[in-house]
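Order of writing sets the chain letters: A, B, C and D. Residues in each chain are counted from 1.
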Amino acid sequence: RDTKLIFDLSRPGCRGAVLPDCDVPSAEPSSLLPASMLADAPPAMPEVTEPQVVRHFVNLSQLNMSVDTHFYPLGSCTMKYNPKRNERAAAMPGFAEVHPYQPEETKQGMLEMLYEMQEILKEISGLEACSLQPAAGAHGELAALLVAAAYFKDIGEERKKVLVPDNAHGTNPASAAMAGFEAVTVKTNIDGGVDMEDFHAKLDDTIAVFMITNPNTVGIFESNMQKLADEVHARGGLIYLDGANMNAILGITRPGDFGADMQHYNPHKTFSGPHGGGGPGAGPICVTGKLAPYLPGPVVEKESTGSDEAYFKLVNPEKSIGKVRAFFGNTGVLLRAYAYIRTHGPQGLREVSENAVLNANYLLAKVKHFLPVPQGERCMHEFVATVSKLKAEKGITAMDIAKRLLDYGFHAPTVYFPLTVKEAFMIEPTETESKDTLDAFAETLFRITEEDPDLLHDAPHTTSISRPNEVAAARNPCLACM
Amino acid sequence: MPYLYNTPEDQAEMLSAIGAESIDELFKSIPDELRLNRPLDIPRALGELDLEQHLRELAGRNLHASNAVSFLGGGSYDHFVPAAVDTIGSRSEFYTSYTPYQAEVAQGNLQAMFEYQSLITRLTGLDVSNSSLYDGGSATAEAVLMAVDSTRRSGRVVMAESVHPEYRQTVTTYLANLGVEVVTVGTPEGTVDVAELTAEVNDQTACVVLEHPNFFGALEDAETIAQVAHDAGALMIGVFDPISLGLLKRPGDWGADIAVAEGQSLGTPISYGGPVLGILACTDKLIRRLPGRVVGETTDRRGNPCYTLTMQTREQHIRREKSTSNVCTNQALFALRATVYLSLVGPGGLRDVANLCLQKSRYLADQLDSTSRFELVFNAPTFKEFVVRDKEGAVEALVADAAKEGYLAGIPLGGWYPNLADCMLVCVTEKRTKAQMDALVEVLQTGAAKAAADELIQAGI
Amino acid sequence: MPYLYNTPEDQAEMLSAIGAESIDELFKSIPDELRLNRPLDIPRALGELDLEQHLRELAGRNLHASNAVSFLGGGSYDHFVPAAVDTIGSRSEFYTSYTPYQAEVAQGNLQAMFEYQSLITRLTGLDVSNSSLYDGGSATAEAVLMAVDSTRRSGRVVMAESVHPEYRQTVTTYLANLGVEVVTVGTPEGTVDVAELTAEVNDQTACVVLEHPNFFGALEDAETIAQVAHDAGALMIGVFDPISLGLLKRPGDWGADIAVAEGQSLGTPISYGGPVLGILACTDKLIRRLPGRVVGETTDRRGNPCYTLTMQTREQHIRREKSTSNVCTNQALFALRATVYLSLVGPGGLRDVANLCLQKSRYLADQLDSTSRFELVFNAPTFKEFVVRDKEGAVEALVADAAKEGYLAGIPLGGWYPNLADCMLVCVTEKRTKAQMDALVEVLQTGAAKAAADELIQAGI
Amino acid sequence: RDTKLIFDLSRPGCRGAVLPDCDVPSAEPSSLLPASMLADAPPAMPEVTEPQVVRHFVNLSQLNMSVDTHFYPLGSCTMKYNPKRNERAAAMPGFAEVHPYQPEETKQGMLEMLYEMQEILKEISGLEACSLQPAAGAHGELAALLVAAAYFKDIGEERKKVLVPDNAHGTNPASAAMAGFEAVTVKTNIDGGVDMEDFHAKLDDTIAVFMITNPNTVGIFESNMQKLADEVHARGGLIYLDGANMNAILGITRPGDFGADMQHYNPHKTFSGPHGGGGPGAGPICVTGKLAPYLPGPVVEKESTGSDEAYFKLVNPEKSIGKVRAFFGNTGVLLRAYAYIRTHGPQGLREVSENAVLNANYLLAKVKHFLPVPQGERCMHEFVATVSKLKAEKGITAMDIAKRLLDYGFHAPTVYFPLTVKEAFMIEPTETESKDTLDAFAETLFRITEEDPDLLHDAPHTTSISRPNEVAAARNPCLACM
């Protein structure tokens, strides 16, 4: 394949865009701006034509696997179908071209949508307040932990300890550290559940927050959830729910009902916002009433007017931690989530979770015979198999199987996460895949486990490149074409 | 449901393979007392046509850059987005893929990100760029954390008051529990007084944060200020407007160690301020402190050049609480759009866009200044935004009235700067025409030129 | 120029390789006296931003289905287009490729066309479909040519007056120099009188052309008429509305030998009537007379199933003046859109769309009929369109006035049917709401409900 | 690769679209329509979900080569870049959703654009009148020939003979036959020019029309153009210019100036309208003044009003042949052409042709050493090489080379057309390709001519399928999945 960079196509004098003539009296920039501040020449962008740019990037695009082209069972990422009506909605100028600093009365449609999203997210989480500001799940974690810190400070308690299960997403301890807390790891069991002994050993009156992912990252509903929450609450701590796995429980159980005081959502996972090759996402958070005053602002409030139509206004929570970013939030992602939720309604959202869980259990049932699943016979929306037996017997690793799957036209599951499962192979099919696809995937997986190990070590064989040298990349980073 | 495939027959077959009686049985690990035993109280389902009509109704109640004439900026800009940017940004293979964990089937994303990083280093004059952050505000906060971390100075951070107020708020929020003092140097004249700033920079100062052109649109004496920072052993963080670099010296050239920006101007829609694009670049020395994803060039098993995520030991999924940041999902799709945008406009186009912003904003500034009602507030040279004072002191009402006429006239500044309560920030991009500017001047003076506005809007002028 | 790559340096280098002094030299085969020695007298070049503003201005001076409430049909319909149709139709690989001359690198287009042909045969109940023609009108003319050719009867073609007037004009134009008589059977009651038609069909008749539901929206006694045609040894050509087949019997089931349609309803924008999609399907017997491209399934060198253009010996590039038609470029992109549309809606969705059209149009017909000003003109049952008479005889003025209120109320019929000069054709698709219909009735009666219309438009209802 | 048809994915009960509830009183269809006219069930469309539909067609799309992905030097088809701004324009509701039967005063913007297109096309062709109605080039040919027939009938002349060079597009004789004329073939020379002897032998007073492609299909400007036109005119005949090759002469010479009485345009070729996998195109025609009254209608006329703005109205030419299709024309294609022409302006259009011709001559210069070009050293926008020498020496055919090019990531040129050149290999690079691309293409071509003939006979090797059995396909046509 052609491996030229866009810079390699550059030729002086080429140009992909022609700007309008200036229709006002014009002066030399050097007469308007201090010469010392002016550049001698504009930056060395490539000089290429529109046809070159388009062909270059269209060809690049085809080197990607994506949900629209392939089954993409990347565990913990909920790679469900991204509905096209959501994209059409996001492109409407009445949403895409609204400015954050417009007067309130000129954006009532936008504010109504955002208000409804707050209400919907509160209802789904069973919590009392919502801020739509955070830009991604990890950003939501940070924002919520900052809320917790502000709360404790406000009530005069010095609490620094944040408990994090060892199978949590790495963002949890990282967010805790950024928020000024001390992250303390709690062990988990084979089924991903919290090791109660270790939990008790680490739980004390200095606890600020217990960050839990439930269903956990092994795809199991935490069996001690109620107990954990009660004990943390009894010690004056708060429960933070990592909402990455909400796709399993929509309308079935609610974090607020099982003890969470705070949670974030990943609308790009649960509510079908596209993943964009790595973003944008969004990370709205919901919290209990006592934490509401500390939320990042503004939030949208509804004001009854005399007339039929309500008036929507932006309000800063009373004791807000402030802003965690500029402007309101990742509105474009929230709009897609809103379109998705409105497409499904109450019954539809429940069916999403039911089918996500059904698909995962079906795949588990098909796979467990040749790829052991330590967590047992059942799962929620995803499960974690292990390749350690194959590794011991034939030297085949989780990475080998992942790479070989690419040859067969399947994106690989998540591998080596969670760290608590050896040779972890974490599969999340999502509800938008068909039984036929799951059958084909399971058959292929089986076939791969029967293949010559050497074939697997060298896989993939059919892709444009195979196994980048990551050590060299990290040791001598080449991060730009200078 | 249009996105669900399993028919009742499929479900029965699958349950049988699982060995379960019912779907409900699959949820038996959730105790009954924790179940929601009622339907969610959310609105009913809508088919696609109903949904579209509903969303059009909502969208129809917003003014926006196509049905109004907008002079709003303040970090979110109505720059022109070439159609080819949309073509690429809406490719399924880009927007429905995720973080390139499997490099073999993500070379498209990886190479595009590598090109993005390359463009940003060329744009900023710095050595390295990550592959994006959330937005300009959080990027500024991340830069400050980098500085605190790398200088090992957690005493203070010095920010100019002329930095975007929401960026400053974000920095303050991020630092709330880290024991770092945030010192804000006032800018009553619209730009930093170097002597005042120098007085605040001490040997415990991790960094100085300056926006240039600043929030008021004014140019700062960035080079001198960078020298002040460096003299004190602090890092210089420069917040920049990517479009301005068509004309202005690059942050790396005037002395910034870390340059951050809101990248929305580079081909991303305004979208009520999000999602947008956080840009962050820095010097080589800071490379191991970079937050977020980074793509590197390497070779594959067969010796072919290729791209991969790299330096992951900085990151949270490996380093957990010791990572440089918690950033995981970033804004790859908008980094891609910026890459396409910059490739299309090239150096000449970027200069033209910058120059049109400069010339046109100067025209409008002069026109407003020459009226009896308005005056320019600051003397410093400006790039594409400027602050005007309403001598009648009714800026909020003026903006509201202009909106009724179809003009988004400016951003009242009183909420952030009480001393500028009678002022607004006005922005002019290359999309605004002389006719629109003349009409705005008229509307702001008379408060009644609705007919003219309607005509212009309809005419798309 | 944004699409030209050659720089002056490239040009010089290339000329040198060619061995020419100048570009002008390359044109020396064109005699000087035939040269245009001045610039073309066409408007000056516009950059993308200028161009977009200019086009928005033009577009802004048109009413359309999003800024007005449209009840216009007459062969061009405001049906809902699911977003996924646009997603597929705007894929570069589909819309920037051409006729699949190299099957190996066109299997995407070829398979999609094979699926289109399959869908059309299932939709029509006929054996074969080509892969598209220009539009419903020219498809009707092509069908008539097929009939004349295959029956070897060039005496006459019998058409019902209730067939779309522009389709009839097209047939007449195509036959102008071929010595075939076109006999039009009047339909003063809105549908064909079988006896009258029978009287015109003789043993020199190549075909009978019937539209069902017809131009007036009314259902014809198609089965009986097909029998009449067949009894005389003529072919039956049925013009159909694809959407109607969610409820109605298929052309192949009621006896059509050739079925033609305007396929725009299946996911293609109205676009002022073009480009749209001509559908043509026929019985197996007529397969070698098919006009246009046809895709067939076969196997490749390795024995794998694949698709290829086939039966090309019918076509003009091989058979030249003896080809079945001169059609070369067809409407592949819209055949693709129709394929996606039909796949998305499926049998149930097609039925729902048809039923909504039926129910809603009946509602509006009843509402108008119950006013003092309007009455329904014909008694025959209708599908989604109907004809109403303005008892005040001012239908053109009425339509013009309604347009000022934001309603595209109907199509005046006087231009085509002098006896219906006080009538208009009204269409209701699944997109229209009860509120819009009630408002139309109000507007047409009072001629002054602008406020209400504005509200509805803005509300997208 | 997955070769499933959309029908293979169908499963009863699946559905990709949910329609709204009926908001008016609703009755059983059988109570509203005669039972005998109702179907028992809707047609057997596939029953699939939106995610399946999208993945199916996105994957299909990737099996195509296209201008946005590959160099596509398909001779006679002008596969130039399709600007994205044109697509954006065509999607504007103010164009895409205008109804053909709206009152004139509600579509003045549309009519103004169409009027301007008429004026522009007249200026480029040097002819006096224009009809935008025909839907494609061949349709334009037919329409223009019907105009000619109407003209002769009107002036009382019985003329049936249409002369067509043997290297013309097949549409020319086919259109002539459809219009009721008798097509008579005229021989051409090695450079594609009309054989004057044969021309004189066939020219007589029964001539109606001489259909000429100029530049001709060999890519040469007809050296006897003036003479041919004069002689045909002297006999009372008309000259029809097949406008397929207008990309060579924009602003350089005009058909009306070199003798044409009628011509069509292919806006999807010359003016960058995308080719759509085989359409839609458009086929507007221009004619001399004496033919104007016969044009298909309506056409747009401009009326001065008292005010600044003109009023545009639809008028049927006085003696119009009638309509050749329903509605006005392929407006969406014409709009894209308008956007293209307005992007270029007078100088830009000339540069288009200059660079199209430069690119073709450059490629000719690179290729002629190993692939003989019988027409000589120079060409206009395209040229026709011949593979007959290689065929004689090594048994390599034009088709072999075409197929092998696919392996190297180039679309093949047009092969075996025109029929007058043996083993014809017709290359049209267009002006939107770079010198780098042309160099790479020429090098690859050379490399192929040096390869083992057997490798070529079996080519392509890297595509999803290779050399369909076309004989079997045509002998036992399978045209649908029943």
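Simple rule for what comes next: a contact is a pair of C-beta atoms (placed from the backbone, for glycine too) under 8 Å apart; a residue touches a chain by one contact, two chains touch by 3 or more.
A quick map from chain label to UniProt name: B, C = Probable glycine dehydrogenase (decarboxylating) subunit 1.
Source: prediction; values computed, not measured.
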Revision key, fill the gap. Ranking A-B and B-D by C-beta pairs in contact puts on top A-B
Review point. Which pair in A-C, A-B or B-D has the same interface as C-D, with over half of the contact pairs matching by residue number?
Key: A-B
Check your understanding: Taking each chain's centre as the mean position of its Cα atoms, how many Å separate chain A from chain B?
Key -> 19
Check your understanding: Cα centroid separation between chain A and chain C, in whole Å?
Key -> 45
Review point. Can you list the chain C residues in contact with two or more other chains?
Key: 1-5, 10, 45, 47-49, 52, 54-57, 59-61, 82-84, 87, 90-92, 430, 433
**Study point:** Touching two or more other chains - residue numbers and ranges from chain A
**Key:** 11, 14-20, 49-52, 54, 58, 62, 67-70, 81, 83-85, 87-88, 432-434
Exercise for review: Chain touch graph shape: choose line, ring, star, complete or other and state it.
Suggested key: complete
Practice item. Report the residues of chain A in contact with chain C in the complex, numbered from low to high. Key: 11-20, 49-52, 54, 58, 83-85, 87-88
Review point. What residues of chain C sit close enough to touch chain B in their complex?
Key: 48-49, 52-57, 59-61, 80, 82-83, 87, 90-92, 430-431, 433, 458-461
Exercise for review: Could you pull out which chain B residues touch chain D in their complex?
Suggested key: 1-5, 7-10, 45, 47-50, 82-84, 86-87, 92
Point to revise | In the complex with chain A, residue positions of chain D that touch it | key: 2, 9, 11, 49-52, 54-55, 58-59, 62, 67-70, 81, 83-84, 409, 432-434, 436
